[in-house]
Each structure stands twice: as structure tokens, then as C-alpha cells.
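In what follows, chain A forms one complex with chain B and a second complex with chain C.
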Partner chain A sequence: MKTIVDDIRTRFIVEWEHQQREDLRQIGVRPGTVVPLLGWLKLHSPFVQLTHMSAVDWIEEGELQLTYLLTDPVGMRSLMVCTRIDREEATMESVHALWPQAVTYEQEINEMFGICFPGSPRQGVPFILEGWDDMPPMRRDFDTVEHVHAHHPSRPGREHTDPRAYIGRVFGERGFLHDDD
Partner chain B sequence: MTTTETTTDTLRRRVQLWFGPQHPGITGNMSVQAWLEGDTLTQGITHVGYLHRGFEKLMERRKFIQSFPIVCRICVPEPDTNEYLLAAGLEELAGMTGDIPERGTWIRTLVLEMSRLQMNLMTLGGHIGSMGLGAAPNWLIAVRDYVLDRFEELTGGRIYHMYIIYGGVRRDLPEGFGERMEETLTKIEEKLPLVDNVIFDSSVFRRRTVGVGVVPEEWVDEMSLSGPIVRAMGLPRDIRKDFPYLIYPELDFEVVTTTGSDIYARAWIRRQEIQQSIDLIRQILARMPEGPYCAKLPNMLTWTIPPGQTYVRAEATRGEMGYYTVTDGSDKVRRIHVRGPSFVHGVALLERMIPGTNIADLSPLMVSLQVCPPEIER
Partner chain C sequence: MESKKLPVLPVSAPPEGSVPHAPLGEGCFLGETQRPKAPKLREALATIKNWFRANSLWVMAYGTGCGSIELRPLTTARFDMERFGLAMRPTPRQSNVLIISGYLAVKSLKRVIRAYEQMPSPKWVVGLGSCTINGGMYWDSYNTINQLDLYLPVDTYIAGCMPRPEALLAGFGYLMEKIKKGEANGWHHYLENLDWYKENQKKVITAWDLPDYNW
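After this line comes the complex of A and B, so read on.
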């Protein structure tokens, strides 16, 4: 695994790397490096499968992280490629030309995090949320309670118990299990 | 199935129809928007969202222990893989992987194989049920219920178990569980020759499945395919062997493969894996070590996990199931992203296979890809 990262270093700028497990290495690169790097890995390394693609909202830092998990199906190991983009202008180059199933990942990330992948075929096409008119729901500042109150009002006469208040009342501030119990 | 639009040109008639979400031939609550000319499908688009409950978002707002009742609902008939992966990812990030007691690890493996067994019984029934043949599905669902009896005895629940928790499992095996499990396995084995006769010796089943729904081998790496789809084309890929976890390296089993890559081959793989799970359960019960079944856990209401990210994977009956887990040092996850095999098999792969498929073969095709909608939309 170290060899492939050394090889990557000779061609691309790697900002950080971490060996999470024997079979899982993580590297961080700049956004502009991602697609050339993934293209190079697919063509010139054993990491030919795009197993997973995901996004993480780091709202405190004003950034969104994109994570690409590549797998070497012969060497039985994975490489996690991470990058961060600006949260307000969330745009990233698409990888659907490298792996066709990336269209679905990019469609979902577009819907859930508001990251645009120009050129990816199903951008803006609803995947799970039909008729959604709120902010992308997987962003950390999306208020689920407010959304529910605005869109799904309680049936008149129905009693509601706030779970936090209920647990606090019944079990106390720290809950009913303590380290010294 | 509802015809919603008919368009004509000078030569042919192109009909658009919705297959699902309410249709006995659809695999769960999803739908395929299909276009066909005559009996042949020319295009299909998968539509999901009917089951979306925002599981991943819910987990970001809950303590780690509160996520177990959520993840088991990500795949209704096979919840245990989700429970295991949630636990494995967070245990790794918390640095407690080495603390899991040996017996707890063996029981986890037992549960995963019981889960695989009942899921394969149901899916094999679905294979032939999707063609309108009713006897074998009824037999298979009936014997699957015997496995659910054991689950109920072990975990308290027939479908959602919430049994695997951080540090091991929630409780020990009940007294005499091994004997009762053996009785269950024997009952299943007694029924299987009949099932073989009705399914694999049936000329109807053979004619409807051999050479139908063939997945080309070059799509495997291109689309990250996994599970029985890959093994049915002769590739011995199985996470249990390739990325060993739990006690699978200590168990004696071979990856089942066949050739053909069609619906028949995928059904045959599932049939063999039923027997494989039965054998593995017997091995596990025979060699089950004594000792504690769960590590001492921190206070679940104040437990925090250092910042980190990982991806853990396991072999579900449908293929590779993975959890991408990110923590930020707080008492909740920053992000959990569930990678179900159906996310690829039920959308990109299914849509790629639909053109040229006969309309009557769409349902058997979907069953053979084992599409599970909740794991697409989570």
C-alpha cells in the first residue's frame, strides 16, 4: 500500500495520508487533483473499483468533504481519497466518465448536500426527495424539527411529549446509567 | 402495473408504464418507469423514495447506542449485517476492536450466518415466485420461519433484532439453543430436496432463467458489482474470504461459484449458500468458546469517540455491504453513509440490463439482482 502512495506522490500533491487499517489507507488531496488522480489510479493501478462515494459537511470550517473509496479486488485493499470544497460554492468535477455508477452517487449527493457535478447526467433530477423545496437535508444546518413543523403539522388534539424533556424528568440530567454504577 | 402514456410513430408503438411501487412482482417498495415496444423493454429508470426515513440524518442527532433500532431497518429481511457494521465501524474508531470477547465474536458470526440462511431461503422462494409458481416459495417461507423462531428465542425479535451491540452482543445464547438450532437445520435440510426438485429440475424454471439476465464479466470492476452476481460468473469473490472479519478465517468453507452469469446461475449460487450457511452454523455451534459475550462498555449516555473516519465491509447475501463512518470527538456520529449492494445493483446495473429484456422477465431479473430498496434510500 505504501508503494502506491509513493507512486501517487511522484505525480500528484498529497496533502495528508493515514493508514487506518492494514487494508485501508486514506489520503487527502486538493479538489483539482481528484479526477486526474482517480483516472490515473483506474488506468495504472490495481485500484479499479469505485466502491463508494460520499460527502461530509464540516460546517464549522465552511467546507464539504468528498470521499471516494477505491478498491483493489485482487490485492484486497482499499484507498480512500478525500478532498474538501467550499461549502458555499459547492461544485466538483464528475467522475461518471470513469465509473458509470457514479451517476447515482453524484445525483444523490447533489440532492442531499447541494454539491453540483457539472456534466453528470442526473444533476437536479429528484432521486429520493420529490418536490423538495427546502435546503439540502443532509447539510448540518438543516433543521429537521423546523421542517417537520412547517410541512407536517400535528393532528389537532394530539398530545406531544418532547423526548428530551421526558428523559430529563424521568432519569435526571445524566441519564440513569453512570460510570460508577 | 399502469399504462400511463402511449405514443405512436409510423412503424411502432412505444408504451410507457410504471412497474410498482405496488406490484407483487416488484422487490419491495420501489418502481421502475419502463418503456416497451411489443413485449420488449427498451428503457427503464429506477425510482425510489417510498421508504426514505432519513436514517443517516437521524443517526447524526442520536447517541451511538440509539442508532441500533435505526440501522436494522435499512434492510428488513437482513438486519444483522447492518447492526454488525455499525458496531464494527465505531468500535474501530473508538479503539476497542481488540476488546471484543472471543465468544461475542463467535456469536456475532453465528447471527450473521443465521441471517444469511433465512434471507437466502426467502430469496430463493422469490426466484420462482416471481414467475408465478407458488409451491416452493410457500415451503421456503415456512422453513424460514423456523429460523425466525430461533432469532426470537435468541434476541426477542423475529425481524428486527438489535442484538449485536458495541462490545459484542446483548445477551448470551439461551440454554439448549444449540440443540434447538440443530433441529431447525435438520427440518430445513429435509425440505431442500423437494425444493430442488421443484426449482432446479423444473423445465419451466430452466427455460425462463437459463441465458436470461446475463451480466457481462467486464461490468464487475466497471460498476463494483459483488455478491452472488459476481460468483455466478465464476469469480470467487466474497468479503468473508477477501477482507476477513469476525471468525470467518477460522471456519472451513469455500466460496461457491458457477458459470453462466444468468438468473439460473444466481439462483443456484443462493441454493448452495443455503447449505453453506447450514454447515457454518454447525461449525460455529460445535466450536463455540466459553467466556463473556460482551466487553465492559463505557456509559452509553456520555460515550465520546475520537475524531476519525473508516469504511468497514461485510458480505451480505446481496453482496458488499459497507459503512462509511466519520466521528468528530463528540457523542454522536458526524456522518454515517450506508453502502448497500442494491445502490449499485438496483439502479445503475438494473437500468443497464433492462433494454432488450422481455417484460415478463423483469420481475425475475430484479429478484435475481436481489434489489432491496430501503438500502438504496436509507
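After this line comes the complex of A and C, so read on.
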């Protein structure tokens, strides 16, 4: 595993790296580096399979993170390639020329996070949300409860518990998970 | 030629206070000993038809949410729903029971409406799990409906998250009793209030491209 990341470092700028598990390593690169890096990995490394593509909304930092999970099917190990793009002008190069299955991932990320992949087929075609007219629902400033009250009527008589207050009551004021842990 | 009379067998009188058994063929269903009170022909026929309907429920093999996991043990050897006349069918054209098994996404709702309307009448809807009743744990999800009976006529709800196969069998028993009594008329309610149902459906399915009724 170490040799592969060293090999990557001789060719591309790696901003950070992290050993998540014995068989899982994360590296962070700039957005412009992603597609050449993934192409190089597919051709010259054992990480030939795109297993997953996902996004994370870092709203406090005004960025969206894209994660490409590559797998070495022989050595049974994985490499996560992470990059961060601007949240307001969320555009990223498509990798569907490298792996055709990326079309579906990019279609879903486009729908759920509003990230545009120019050139990728099926961008803007509804994947799960048919007739959706609100902002992308996986963005953290999307108010789910407000949307539900506006669109999905409920049977009266249901009581709700605020999760934050409930966890505070059960596990103390600071809650179960602490930020500094 | 003189007809020969058959000998009459001596029958002992029933003990005092006992309820006599109804003769076979006159309302003696599944050990029910109570004789119907002089039913008219139409009512009697309806009773017989409902009895047949209740004992041959054909369920559409379709799952919308996690509750459909509980349908697998129900169909296989351990719980074996076929002993109650419940059978899985592959298409809506052959089914008369539609189970909404758990949360129902808006995208699925459109397909479910289409399947329900294609089913031959009489047909029944079973709402399985808390999600169909009041949203369950997905009550604040942006993409699931919270109350099924606004969009489809529900005959039986089975509460739980998720209800075990025993609860499902109890629910089906309840549905069968309801059908036998002639009270499971959700499909009739759907046709009588089609405009109200369609209005509710179109409110939540904004990309509406279905015909007025899916024959």
C-alpha cells in the first residue's frame, strides 16, 4: 500500500493521506488532479475498479467533498481518492469515460447534491426524485421537516421527540458524541 | 306396485338447552354452528362468495420497503401462508391483495397506484408497518408519504416496525374475517371517491403522466 501512495506522490500532488484501516487508505488531491490520477491508477496500478462514488456537504467551509472509492480486487484492498470543490459553483469533471458505471453515480450525485458533471450522460434526468422542484435534498441547508409539512400530510395525533433534547436528557447536556473525541 | 317404506332409524332427542347443528349446505362454514336467520337468496350468495374470496387471497409479490423482508419467511416452510389459501402471484392481473410493505416513496407510489388499478376487483390493500400508518421512523423524510389511506383505500393495517410474520398472519386473519362479513369494501370506496383519491395522488406526484384510470 505504501509503495502505491509513494508512486502517486512522484507524479501528482497529494495534499494529505490517512490510513483508515489496514486495507483502506485515503488520499486527498486537488479537483484538477482527480481525473488524470484515476486514469493513471486504472492503467498502472492494481486499483482498477470504481466501487463507489459519494459526496459530503461541508457547509461550514463552503465546500463539497467528492470521494472515489477504488478497489484492488486481487489484493482485496481499497483506496479512497477525495477532493473538495466549491459549494456554490459545484462542477466536476466526469469519469464516465474511465468507468461507464460512473454515469449512474454522477446522475444520483447531481440530483442529490446539485453537483454538475458536464459531458456525463443523464445529467438532470430524474433518478429517484420525479417532479422535484426544491433544492437538492442532501444539501445540509435543505429543511426536511419544512418540506414534509408542505408536501406530505400526516395523520394527526402523533407526538415527536426532538432528538437533540432527547439525547441530552439521556446522556447529559453535551450529548452522546463529543466534538473533541 | 306398493312402494316399500324405508325404516326410520331411531334418533335420540338432543339434551335440553343444547344448540342443534345446522344442516350442511346452509351456512355451516368452518365449524360455525350458528344458523343464519332466514337469509334472502342474494345475501346467501354474497355470503358464499365472500367465503370463497376470503379463502383464496392472492397476494401480489411486490415489496416497497423493508417490511417486505418479513414476507419471505411467511411464504416459506416455517410460517407457510399457503395453508390459509394465501398465495403469491407475479402480476397485478392475477392478484387481489396488495401489500404496501413499509415506507412508500413517491416514485413507488406512482407504480403502486398503477398496479392497484390494474388488479381485478374485488381487491384489498394491506398496510404493513408503522410507515403506512403515520410515517413511522421516516415521518420526516423528504420522499416518503406519511399516510397511505389518502392515496389508496386500506382495508387492514398491521402495526409494528417491522411486524413479525405472526403479526402478518394475524392481520390476514383479520382481513379474512372482514371479507367474510362483507365489510372489506375499500375497492368500492376507491371507485366511489375516485376524484378525491386522484386529487390527493396528484398533489404528491407532481410529475403526473398516468391516465385517469389504469385499466
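As a convention for this text, the second predicted complex is superposed on the first by the 152 of 181 C-alpha atoms of A that agree within 3 Å, B and C clash if a C-alpha of one lies under 4 Å from a C-alpha of the other, contacts with A are read in each partner's own complex, and residues count from 1 in each chain.
The rule we apply is simple: a contact is a pair of C-beta atoms (placed from the backbone, for glycine too) under 8 Å apart; a residue touches a chain by one contact, two chains touch by 3 or more.
Just so it is clear, the model here is predicted, and its values are computed rather than measured.
J.: Looking at the overlay, does A:T144 come into contact with chain B only (first), chain C only (second), both, or neither?
T.: The answer is both, since A:T144 touches chain B and chain C.
J.: Contact-wise, after the overlay, does A:P153 reach chain B, chain C, both or neither (first, second, both, neither)?
T.: second
J.: Any idea whether chain B or chain C touches more of chain A?
T.: B
J.: Tell me which partner A:Q20 touches in the superposition: chain B (first), chain C (second), both or neither.
T.: first
J.: Between chain B and chain C, whom does A:I128 touch in the aligned arrangement: first, second, both, or neither?
T.: both
J.: Tell me which partner A:F47 touches in the superposition: chain B (first), chain C (second), both or neither.
T.: In the superposition, A:F47 contacts neither chain B nor chain C.
J.: Per the definitions at the top, what is the overlap between the chain A residues touching chain B and those touching chain C?
T.: Of chain A, residues 126, 128-130, 137, 142, 144 contact chain B in one complex and chain C in the other.
J.: Can you list the residues on chain B that touch chain A in the complex?
T.: Residues in contact with chain A: 48-49, 52, 54, 56-57, 60-61, 92, 220-224, 237, 242-243, 298-302, 308-311, 320, 322, 324, 326, 334-335, 337, 339, 343-344, 347-349, 352, 377.
J.: State the interface residues of chain C toward chain A in the complex, per the touch definition above.
T.: 105-107, 110, 133-135, 139-147, 150, 203-208
J.: Could you please specify the touching residues of chain A with respect to chain C in the complex?
T.: 126, 128-134, 137, 142, 144-145, 147-148, 151-155, 157-158, 160
J.: In the complex of these two chains, what residues of chain A are touching chain B?
T.: 20-21, 23-24, 26, 48-52, 54, 56-57, 67, 69, 71, 73, 76, 78, 80, 82, 99-101, 103-105, 126-130, 137-138, 140, 142, 144, 174-175, 177-179
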